[in-house]
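In the two complexes that follow, subunit A is the common piece, with subunit B as its partner first and subunit C second.
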Partner chain A sequence: MNDNAKARFNGFLLSAAHKIGLFLAMAVICLPGLWIVLASFRPTVEIMAKPPVWIPRDLSFDAYIAMFSGVGQGGIPVIEYFRNSVIISVTSTAIALALGMAGGYAFARFRFKAKSSIFLGLMLTRTVPGIALSLPLFFVYSKLGIIDTHFGLIVAYVALNVPFTIWLIDGFFRQVPKDLAEAAQIDGCTRWQAFWQVEFPLAGPGIASAGIFAFLTSWNEFALASQLTRSVNSKTLPVGLLDYTAEFTIDWRGMCALAVIMIIPALVLTFIVQKHLVSGLTSGAVKG
Partner chain B sequence: MKGWRPPAPFLLLLPAVLVLAAVVIIPLILSLYSSFTPFRLTQPASLYTFVGFRNYARILTDLEFWTAFGRTVLLLTVALNVEMLLGLGLAMLVEKATRGQRLLRTIMMFPMMFSPILVGFQFKFMFNDNIGLVNNALQSLGLTNQAIPWLIDGSLAFFAILVAEVWSSTSVFAILILAGLLAMPKEPIEAARVDGCTPWQTFRYVTWPFIMPFAYIAMTIRSLDVARAYDIVKIMTDGGPAKRTELLWTLVSRTAYADARMGLANAMAYVAILLSIVFTVYFFRKLSAARTQIAAEW
Partner chain C sequence: MATVSLEKLVKRYGSLEVVHGIDLEVADREFIALVGPSGCGKSTTLRMIAGLEPVSGGNLKIGGRVVNDLPPRARNLAMVFQSYALYPHMTVRENMGFSLKIAGQKPEEIAPQVEEAARTLDLTHLLDRRPSQLSGGQRQRVAMGRAIVRQPDVFLFDEPLSNLDAKLRTQMRVEIKKLHAKVQSTVIYVTHDQVEAMTLADRIVIMRDGYIEQVGTPEDVFQRPHSKFVAGFIGSPPMNLKDAEIADGQVVFANGDRLPLPARFKDRVTAGQKVTFGLRPDDLYPTGHGIHSGEDADVHRQDLRVILTEPLGNETLVFSDFAGAEWVGRMLNPRRLSPGEALPFCFDLSQAHLFDRESGRTLRG
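The block that comes next holds the complex of A and B.
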């Protein structure tokens, strides 16, 4: 009886510790983001207040209104930045997906010489740090005259994303049993038809999440964009964040507001992608 | 059934290889060449003077460079280990949760959607000595009276950068390790318990070998992208104060764009690239070793 009560008490302690640990971990994860969102709605006086104001007294959309009110009135060309970001991210994602599907299919369905070294070689191109790549790219682009154009950044981002999309899509195609496509081919489909009618729909959700991942990479990229863009012609949102910094001061409120604008699309897309992303990355791991 | 075109995989891979060659390989060859010249952006003619290994020789004896190099390796080692441990802990906490696991997993992915540059700003804001959340909280709790100069003192700044880096990347580990825990068959654990293993032994000899490949996938993904720390450091301290948080990548960008010494910067960049490659190849090999182990055991 006594042992029983003791065991139950221990169990209770353990589950309480677990709940507290979980809560603390989630708080640490969420807090920095929420603080940014909160700061974007507060007046600058309150952000700067000493002693700190913990409970916001007046919330307003002033930062957002100022941001959209155009250059010269405390605003930045946020609509242009947003447009550039969308054009560059969407186009480069679409191209990277097409190339990634071709490459991933090759790795998942064919045997060929030096397969694993080719795979590793493709991955290694991704390890080149953006800033190291930006030096020669800057030079080449300025010779070709494509600095500060959408085209230049799109090409760079396609190259940035292709290795990873190949990895992900390879995993998704491997999850689709080979027999299905073969059965379709026996039933009279060409390989091309079998791919589009059988394998593609089955791997579809996975491919979509590879696309979202590629989109997020381009959406968030800074090291290359900061060197290869110059003006509103091609500046993306991450580079635009720097508009709020001056030599010694930072407009925290405006920056937080822009940050919120940057996060919302990423947030929505990540929630859609989450389930498939993990299965794509891990599918090769257990089955080998 | 093979396709009617013999080199089908070749054709399928060709476009990807072409793009990578155009954007990565050829520029890298160019930068390899220019690392043997005293090339300065302001003097285009200097691209054609060949100086052999002079840039590399200068790097070898450059104390500033090796300090940055050592600091980069230190940051990566500490960050990756801490991320791994925290990720493991987080994954196990979430796996144990009986309710709301879907919601927890979603929250767990939260930091992944933050652009590294945003993470930089966010933590610069939070660690601000005057108005930052961290100092405000410490002062309100009465733990300290003065404003701790988080981003102004060298080692505190390094710590702040580490925190930002760990915050932004722990979720990669947590999510993949959680995937491993969820995919794990339950029988071996029960068998181990029946055979009288302690919880620690069960974890060490049953659970851990199983989730190891997942941890290595996370490591590999991270090492593909280690240089994202550049964005964070660039914003938080930009290598300062007095170069005490200078990493390889910030040093490269300063040498290239502020000092306009492209040749020297390219030589440094090559060392940075080699470092990334070493990290990636190391984890790729670990990954395949862990995979074979799993295949043999299960």
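The block that comes next holds the complex of A and C.
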């Protein structure tokens, strides 16, 4: 075999190994999700069967029908949970994005005292596990009387998300050349206009990513929500999953069905926003 | 159309003063170039004029009106950035029409103005592209187009050509000159390239360490530099500047080599004075290969040894050894020289300069 053929063969082997590796990694990530979807259609006996039943024999929408059937027929207040989740996630994301944009812009563009210490401080808050705060938070909230309210959860999630959104958006504003905002100001913009006309559109992908992240964090958060909510007034979908656990049994099928209901909006949102996550939007702004 | 006046203009960053109270009058429709090495304050001055840097002291007037504290948009000027600063999310058309859109003009009013500017700059076929799809030269033209559309009182250029390759730079230089002839605006042009300054400007302002060293026409600053710094900065290759002392009516260099004292400095120096002797490469040439015939009265002839040559086609730069240092001369109608060869050279002392070594100021009146 000559060297060229050998190199070609090696290249082929490498790319095959690459593909197999990717397939395995994707399988590890995707299979549990697939299993949840599948389990939501199967009777509990089949889910719990030992040895496992790999190929489903008995598929039905029973779990979904039951979920919406009202109390007493295996139903849970899924509409209320869904409403709470949407209100809390959307509001907290919007606030976290607004604060993140303001903060990120300030860190990227302005010089001020103790800038790096403040930035570091913000990042350090991320090192505290949320669950460690649940008890103190519970005490404070109960004193303030905001246990089991949308407001309470929104505040908690904003606090959870803001350091991250600031950090992410700061990075994206840094990539937008300062010259552009200056050029816009010379072209007749106020600083505010320059921001919205030029810098905001260019940092768009970063803001969108921060938005997705903040939304998913709030949407999926369980630990804090389980402590700070009590009733259908404010219980979110992840907390709602607990409704399927009884003293001695767990309705795995129902739980999986609710999980699917939870996953769908997150997936849809990610697909919608993904379009805006085009990187390299600033290319061509300055010398190339 | 407007004049621009800087009166004792100061820029401070905290306690660090970078522009030290400079005065400058720019006439209406004048093309002024600010040149100087990096860190000399020329870009800072331009940014103060643009309103992008606050003025720390003194007055800045545009069209006779003090604009110290006005935001950029209230100064009616346009700026071309070194980086072009095109809006990447807009097409060329939108980039050029942006200022008009912000000013509240209707799309049907904007279109003809943008197209007119595009025609001027030969950009019509690129109007629907985005900046990322353009070459460097095209981006540069779009940046200029964006400036023209605004019909500003004053054009500011911040090293607009320094990101282009040499050939394109020459071409764009010509375009900028044509553009100025056409739009007849006041132009303030910052560059570190003295050739650009010389070729474009009506007057050149040479800056150094936050001070203005000299203001004058290109001929002025080339032929009558006020200081050693200006003499060394303007002209390519730079002027030969060598330290010497005056003794016995001669210029004596450190190693003892001598040149006659140029006639016009006879009454201006005293024996023992420490000076810097300056001679442009054009005024040091192998006999018979100079701009001048070499027959003038104030020409000194001497044989020099050639160290190195740089043939440029129509001329050759000759590096030769004199007074223990390397001197650059310019040889017109060149012939092939070999290093080590000794040649008769002419020092055209009528064109020589003397500077005080301490202050660096010229010794001519």
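Everything below uses one rule, namely that the second predicted complex is superposed on the first by the 245 of 288 C-alpha atoms of A that agree within 3 Å, B and C clash if a C-alpha of one lies under 4 Å from a C-alpha of the other, contacts with A are read in each partner's own complex, and residues count from 1 in each chain.
FYI, a contact is a pair of C-beta atoms (placed from the backbone, for glycine too) under 8 Å apart; a residue touches a chain by one contact, two chains touch by 3 or more.
A quick note: this is a predicted structure, and the numbers were derived from the prediction, not measured.
In the superposition on chain A, no contact is made by A:A94 with either subunit B or subunit C. Contacts of A:V232 after superposition: neither subunit B nor subunit C is touched. In the superposed model, A:D179 lies in contact with subunit C only, and not with subunit B.
By the touch criterion defined above, A:I47 reaches subunit B but does not reach subunit C. When both complexes are overlaid on chain A, the residue A:L202 reaches subunit C alone and has no touch with subunit B. In the superposed pair of complexes, A:D187 makes contact with subunit C only, with no contact to subunit B.
Of the two partners subunit B and subunit C, more subunit A residues are in touch with B.
In the superposed model, A:H18 makes contact with subunit B only, not with subunit C.
182, 185, 191, 281-282, 285-286, 288 are the residues of subunit A that lie in the contact sets of both subunit B and subunit C, per the superposition on chain A. Across the complex, subunit A meets subunit C through its residues 177, 179-180, 182-191, 193, 197-198, 201-202, 281-288. If you check the complex, the residues on subunit C that touch subunit A are 50-52, 71-73, 77-79, 81-89, 98-99, 102-103, 130-134, 136, 139, 146, 150, 163. The touching residues of subunit A, when paired with subunit B in their complex, are 18, 21-22, 25-26, 28-33, 35-36, 39, 47-52, 54, 98-100, 102-103, 105-107, 110, 112, 118, 120, 122-137, 139-140, 155-156, 158-159, 162-164, 166, 182, 185, 191, 216, 219-223, 227, 238, 241, 250, 252, 255-256, 259, 262-263, 266-267, 269-271, 274, 278-279, 281-282, 285-286, 288. Looking at the complex, you find that subunit B touches subunit A at residues 1, 3, 8-10, 12-13, 15-17, 19-20, 22-28, 30-31, 34, 89-90, 93-94, 96-97, 104-118, 121-126, 130-131, 133, 136, 139-140, 167, 171, 175-176, 178-180, 183, 213-214, 217, 220-221, 223-227, 230-231, 234, 249, 252-253, 256-257, 262, 265-266, 269-270, 272-273, 276-277, 279-281, 284, 287, 291-292, 294-295.
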